[in-house]
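This report refers to the structure that appears directly beneath it.
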Amino acid sequence: MKKIINNPSNVIQDMVKGMTLANEEQWLQVEGTNVIRRKELSQGKVGLVSGGGSGHEPAHAGYVGKGMLDAAVVGEVFTSPTPDQIFEAIKAVDQGNGVLLIVKNYTGDVLNFEMAGELAEAEGIRVEQVIVNDDIAVKDSDFTIGRRGIAGTIFVHKAAGAKAEQGASLDEVKAAAEKIIEQVRSMGMALTPCTVPDAGKPSFHLDEDEMELGIGIHGEAGTERKKIASAKEIADELTSNIIEDAGLTAGDEVAVIINGMGSTPEMELFIVNGHVNDMLKEKQISIHRTYVGEYMTSLEMAGFSITLLKVDEEIKELLAEPSEAVAFKA
Amino acid sequence: MKKIINNPSNVIQDMVKGMTLANEEQWLQVEGTNVIRRKELSQGKVGLVSGGGSGHEPAHAGYVGKGMLDAAVVGEVFTSPTPDQIFEAIKAVDQGNGVLLIVKNYTGDVLNFEMAGELAEAEGIRVEQVIVNDDIAVKDSDFTIGRRGIAGTIFVHKAAGAKAEQGASLDEVKAAAEKIIEQVRSMGMALTPCTVPDAGKPSFHLDEDEMELGIGIHGEAGTERKKIASAKEIADELTSNIIEDAGLTAGDEVAVIINGMGSTPEMELFIVNGHVNDMLKEKQISIHRTYVGEYMTSLEMAGFSITLLKVDEEIKELLAEPSEAVAFKA
Amino acid sequence: MLTIQSVQDWMVKANEYMQENKAYLTELDQAIGDSDHGINMSRGFQEVVKKLEQSSYDDVSAMLKDVAMTLMSKVGGASGPLYGTAFLKLSMAVKGKETVDKDDIAAGLDAAAQGVQQRGKSTTGEKTMVDVWAPIVTWWKEQDEIDAADLEKKAKEAMESTKPMKATKGRASYLKEKSVGHIDPGAASSYYIFKSLAEILA
Amino acid sequence: MLTIQSVQDWMVKANEYMQENKAYLTELDQAIGDSDHGINMSRGFQEVVKKLEQSSYDDVSAMLKDVAMTLMSKVGGASGPLYGTAFLKLSMAVKGKETVDKDDIAAGLDAAAQGVQQRGKSTTGEKTMVDVWAPIVTWWKEQDEIDAADLEKKAKEAMESTKPMKATKGRASYLKEKSVGHIDPGAASSYYIFKSLAEILA
């Protein structure tokens, strides 16, 4: 394991320190917690809290800023933050109009956010929760815990953030978030695993000529192992899977995220974007906006995910609203 | 070599396609070239052109946008673009008030930009050139070609861009750029090499317990090989080297870039930032602004560089001006 | 059978197992999860021991409540709220008891196992810690007296029973068939909790 | 000695060497540079051959000018403008000549070598392509007639002379002492240019 760290057990503490120092004008760290909050909250706004394990940087703290999240709760590496921390975040952003929790669909996150919500409700804070589950690699059925939440979460942050900033009520903000969740689908792939610092060893092994399709964002192996293919073949496979799952057809319009998993050069992400574009055009699906970069990573994993969000006028308007979040200035 | 590409000889073509598609509202690709230009130039402004080899994404195209560059010339991987392409960029941005070329100090870049400048002057376009050389790992003496240009270049783009946008003359813009070059210093390190797609093999070998200090941005080995150390030790060594070389003393104020080389997780960059902050505070050097992220990469190399720019009121004002460049929204 | 001293010993022993097996539990989680279970458990139990050392308690229930709250706030992930819930239910079940005997523990463990299942919306056969807690509760209720060696053996068997199972809850469920053939990490950490309980009861 | 046909043959042969030795030149550049010299040269000479095939020329000078412009616009890096300059100077030196004999070539190569040095602000002993061009020019001028085998030998020696040198120009100069012990990539590609020239002169 080659990492630029000190003690592997202290990476979160060290990271949060350097992270807050880098954004002192915009952020504050809620005392005694790993909660990153906007320094100035927009007066009277519905609060927006997200978070999860670390190792997904810039998620989630990078999305804290006017127009997106009010606070992000930073967990240990790939480990959901605990209810007490989430509760602190809720208290730190509530202005009496309630708080929406944006949670990715992992048992750990769901349980911890749920319990935090219960603690908050017990103190009279109104809390609602949405569960993002955009990853089509995992089937959604009664016999599973359902699809995972991955890079599509960014669009949920963006739309809910914009809606809240417009002064909408908790129910309206929740509805906006749920609409995005309904319409966003993603799928990812990896060329290499990653190493949790305190585990010291890579999470799985891939040969020089192998890749994994359907990976999540926690260094877990994917749903299918294959011989490595060309950028075009990989992009085509993921894109057509998403199009099919989302039921996108000619005339539809989408917003696109090509998300790097950590160590994939932007060069490769752009190459992928060219092919995604080609296929969407071929299917007569028009492209509203494209975001290429690292939005939801998995430490130093090499690979990428594609996210397609079916947009309508309402969603386009929300995407167009300004955002001051460090990792998503718009 | 594991990469998400098609034919290794076509990576640039494929990348430029995906890159322009991702930013269609803001950019255009000058026909028949690998020149990326702002779609709308600010009326009557001095033109600003930079560029260099590819593999440094988001540099240089990511800095094309209102408030920074007007055009970037995209070369082959780690290979300076050719004079004809640079000449096209100059023609595409000149509005009669001259063009400044921002060049990093590598023989290839210097020669090609110089020749392009000659071609432009021959057509009556006024061209000036500045050479960025912020990398203190390479000694600047009469017996060498001088220091290299690395991530400090971003500050040159930013300051020159802001100055030009304010309506300054070519000489004034050049003076602003040269002031930054005078005051900016950087140094980098790597944990792993990187692989030029068409070369197919890593540029050097490092054992599991080794690191290189003083690396450039072209996958070249560094100036010193050492046993890997803690984030604090590495950050302290690079920071104190830069402070010494730049002659920074108590009471000075700096802007900081912690730049990822390609595959270093943001987590590690933030950890480094914490230590850089500590040392600067210890030396009573105050921090004006901090930028943490990937600004000038070396394909999928793992490592980072630290840049310190000594600021005064004039520089702070230029850094504060807005920028719409995709990779540097401010 | 449970006293302030024995709960203290139980947690100290459990912590020792978590520290010793941090890498092992993480490896299990590497196979079918996200490589953090050993890290989570070792962090959590270390904090439990620290907390108990710094505090003094009037009864077992209060002590178990602190165990629960510490696990809840220090473990994280899926296992944190689940173990937190388990110990909270156990604490509530023995509230107000001067002495905590075999049947009190039975009721407490029962409440704990049910709490985990409610919180996790899970049941037996889904390849989770429930596959250790539920059979232990059933077995415990059947005994007249708890034989420490048997308890350990029973917990071990329960843990091993998760190996051939296909996961339908937690992260391992993403792997479907591929989850078969590995012991569930949470089942393994639950085994250590019962193994240390057996040792303090011996 | 240089005709439209022979320049065409020269470039075809040079291109063959660049393609065959693409990996070798890149490896040399991996040792002391940035791993692209073979890629740059193979791309450039391939384009040169393509350009010459698509065009027809009245004289050697015009042909060499196209070689120069193609190298300039297709090679990139440091070597592109330098080889571009070299062939441009060679082209200018033989402009208007009906026949291009040994002395014309001498004058042309001299101009080329000086052009490279001016452009690159470099001189001999700095571990660059200059260390091939300069000695070849000196040697060429001393000969009554050019012996092809000698030319190849001389170029090879010149290339190898760069091995013990410490670089003070180009990227290799960053490595200081560490640049010693490796052949300079540009010296190697220059060797192939002279080796192919020798072959068409033979």
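Letters A, B, C and D name the chains as they come in the text, with residue numbers starting at 1 for each one.
Quick note on the criterion: a residue touches a chain if its C-beta (ideal position, glycine included) is under 8 Å from a C-beta of that chain, and two chains touch if they have at least 3 such contacts.
Note that the structure is a prediction, hence the values are computed from the model and not measured.
Listed by label, the chains that touch chain A and also chain B number zero. Look at where the CA atoms of chain A average out and do the same for chain C: the two points lie 31 Å apart. Averaging Cα coordinates per chain places chain C and chain D 75 Å apart.
Centre-to-centre separation between chain A and chain D, using Cα means, comes to 53 Å.
Among all residues of chain C, none touch two or more other chains. Not a single residue in chain A touches at least two other chains. Interchain contacts link the chains end to end along an open line, per the touch definition above.
Which chains touch which is summed up as A-B, A-C, B-D. Residues 9, 53, 75-85, 106-108, 111-112, 114-115, 137-138, 143-145, 148, 196, 198-199, 201, 203-204, 216, 218-221, 223 of chain A are the ones that touch chain C when the two sit in their complex.
Within the complex, the chain C residues that touch chain A are 26, 30, 33-36, 38-40, 43, 72-82, 84, 119-120, 168-171, 173-176, 178.
Taken in their complex, chain A has these residues touching chain B: 2-6, 11, 14-19, 21-23, 54-55, 57-58, 191-192, 208, 211, 228, 230-232, 234, 258, 262-275, 277, 290-292, 294, 297, 299-300, 302-304, 329.
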